[in-house]
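By written order: A, B, C, D, E and F. Residues from 1 in each chain.
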């Protein structure tokens, strides 16, 4: 009844995200947390900036499929199918190309050029969630036991210690 | 099992649509019809080009909410709430602004500048459908009876005849 | 726990609606607003009365399919398919006939007889919403700009002014 | 593409059903089996005729809520809530009254008058299913073992034999 | 944000239920009522204990499909398909066997051995609901009229009185 | 119409899985692939065996929540919440304990005893999917580029080479 235009409005997706971080990428989200009018409407949008060779590292969205288009630059993108195939479905995208990452699958994008890259993506939920694999597995709080991860990844505990020390 | 990267790929959203038509706008869709990998995944994307003062005329998507961001230019956007309020919720958007059009509501965008405008939008269905109000009401095939429309719009039949003759 | 029979009960669908209005029809709704027990249950019902030649004007339900049966009189009914076909699917119904209006499509009913007509319809949502096209497009509050509508309907602004003056 | 008006049309809901049967009621269904255009649309409709004191016996719809209105006569209607309350929610309906039977609950209607009664009901599925309790429990093919039912209903096997002999 | 492990935890499914009751079975539920973390997650679990020849009597779940596996003993299980077939689909299960009861259908399990039997089952809702047919039909509060049930089950009222006296 | 009891039946969940593999655990699934009658019914079941100190390594189900109960032994279980918290929610379970893993989140179970452990779990989809993180990230076919993973996990490429060599 009392909805206003501003309930359906968000400003700033033209602003480049700060990619000065270890992976060289930045996601600017427009989900229900930023835009309350999205509540119950089943969609959201993000801008992704990539420094040269910057990476949006392997992650999943537990509640959404993603569709992405490249505004600037060249991106290598990929997702991995579920067990038992674990096939990598991968492609290098140029400006204007569109790619789909099906719900729940591990996926990534990497800038494969010497300039900045920018993408706009949309997700099929107002609250898609993001699970960055490295952070969830090696950077949780508290940490998952190192010997458990050593068995999962079939490496020595010292390798896991090294991985956990980064997060 | 035999999915390929190209099943999830579409090319060409960087290409300006041809806006040489009566309304001065052009939608380039990436739905399941153009990108088969979207099947069952509940999302799609479009590019919309607007000539100066071009209009994406009042329409609805029977099966999707839309989220739109402006890449270039300035757009006046709006949607109308359902009966009995019929409130127009409207806003002028600049580059980087985002706006939401809830599922099934009548909405439009108009370029309010002297240059071209471009938007990217996403929809919460792989097959959202589009109903352009003018075409559905005054341009259907066969036409809706003119006297019926005259009563609906409370005008003389000659006004309806005029409206129907355009489509 | 404390539900009562009256939470699931509504009275008065036998009462003829007042059709003394410009379109000559009246909808009596039984949705979650009138019958709270419908909450979350995904269905609602309406009675529609039609004066002789009365019209339930072109409208959409953003969240529901409708199924209608004629109790008295003869109704011409129709809906228009989405772009690009915009086909009018139409039929004259007699007493006992049933017709379906798929979710989100523009549809109407008109009494094509000299007596009153009555229909009972059900909708696949407890809160289906109604968008009367004429009211949403030419009667919103505030109004959609006349020159915008003139471009959408490809008529002079004076024709739009005339249409807007009726609502 | 090739849909026709007849795909969305059914004729005959004005015709009284034959209630010459042990329970004195008859349901005339308009589901996807009778009206193919209902496919995926999530709704269906039925007419129910009741001889004087006729009964639509206790049953459930495994996939639908039902909303019913009385066209003629007086109906006692009721449904029973789930375990552990098993509360009977009941009401006598007159012409024009509306009642809701929530999805999956056991419910019934009985004509409590000396004339015929008629109701129109709608269901929130194109394929709601019907499970008449008496038929499912005592009339299945092959029968459920009599000693099993005797324990369930806490009566002698001879009582179950009597019940099973009716179906 | 403040979720704790205990919000996702329930203890005691190893404990044998007390089967000293007329039907000789006991269901120990783990639904959202016992385990709040299940809220919105669409699943629940139960343990079912059966005394020798104990019966989990004919019942339905209005909002869930059930999948069951036998941990100990032998169970005769069955469900009845909807009208008009009312086919009994039945099987004797041994330890390690799995059986499915589709949403909304009447089903039962009976221990067909001289020792105790135990099953674990899961349901496709955090709040599946249970309607025990005997209790809903013959044991509701207030009772369904005896003459109504006599007509439904096609027996004398005295038989219904006998059935109702047990609940 | 022609369904048989065997369409709803699966045998063998009492049989211990072969845990002679690097992680020391084995999942025996009963999904729609093994039990066709589960089609459209929204649920499935698995047995999980764990050798002493065996691990069901970190994984996600893209389309299902999981509920698990311990039949034998002691299991440490955990899941990690999404960004930005990445909280580990963890618990040691004993026989009869139940735990929930919400849809799409990374989770694991580890036998923390010197004997075998066994669990039964159910999932809220007939086709839940499984993504074992180690296999998807370090064992895909073809592999994800080592330098990309090195950046994602912030380690030297040689560490990634070591991880990839195991799968």
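Structural remarks
As a working rule, contacts are C-beta pairs under 8 Å (C-beta built on N, C-alpha and C of every residue); 3 or more make two chains touch, one makes a residue touch a chain.
Small disclaimer: the values here were computed from a predicted structure and weren't measured.
Between the contact lists of chain D and chain F, the overlap consists of E.
Counting the residue numbers that touch the partner chain, chain C and chain D have more than half of them in common.
Taking the mean of C-alpha positions as each chain's centre, the chain lying farthest from the centre of chain E is B.
Look at where the CA atoms of chain A average out and do the same for chain B: the two points lie 29 Å apart. Per-chain Cα centroids separate chain B from chain E by 51 Å. For the pair chain B and chain F, the distance between C-alpha centroids works out to 44 Å.
In chain D, 85, 87, 90, 102-103 are the positions where the chain touches two or more neighbouring chains simultaneously.
In terms of inter-chain touching, the protein chains here make up one closed cycle, each touching precisely two others. Following the touch contacts around the ring from chain E toward chain F yields the chain order E, F, A, B, C, D. Looking at the complex, you find that chain F touches chain E at residues 1, 3-6, 8-15, 30, 35, 37-38, 41-45, 64-67, 69-71, 79, 81, 85, 87, 89-91, 93-103, 120, 122-124. Of all the residues in chain E, the ones that touch chain D in their complex are 22-24, 55, 57-58, 60-63, 76, 78, 80, 82-83, 85-88, 90, 102-106, 108, 110, 129-144, 148-149, 151-155, 159, 162-163, 166-167.
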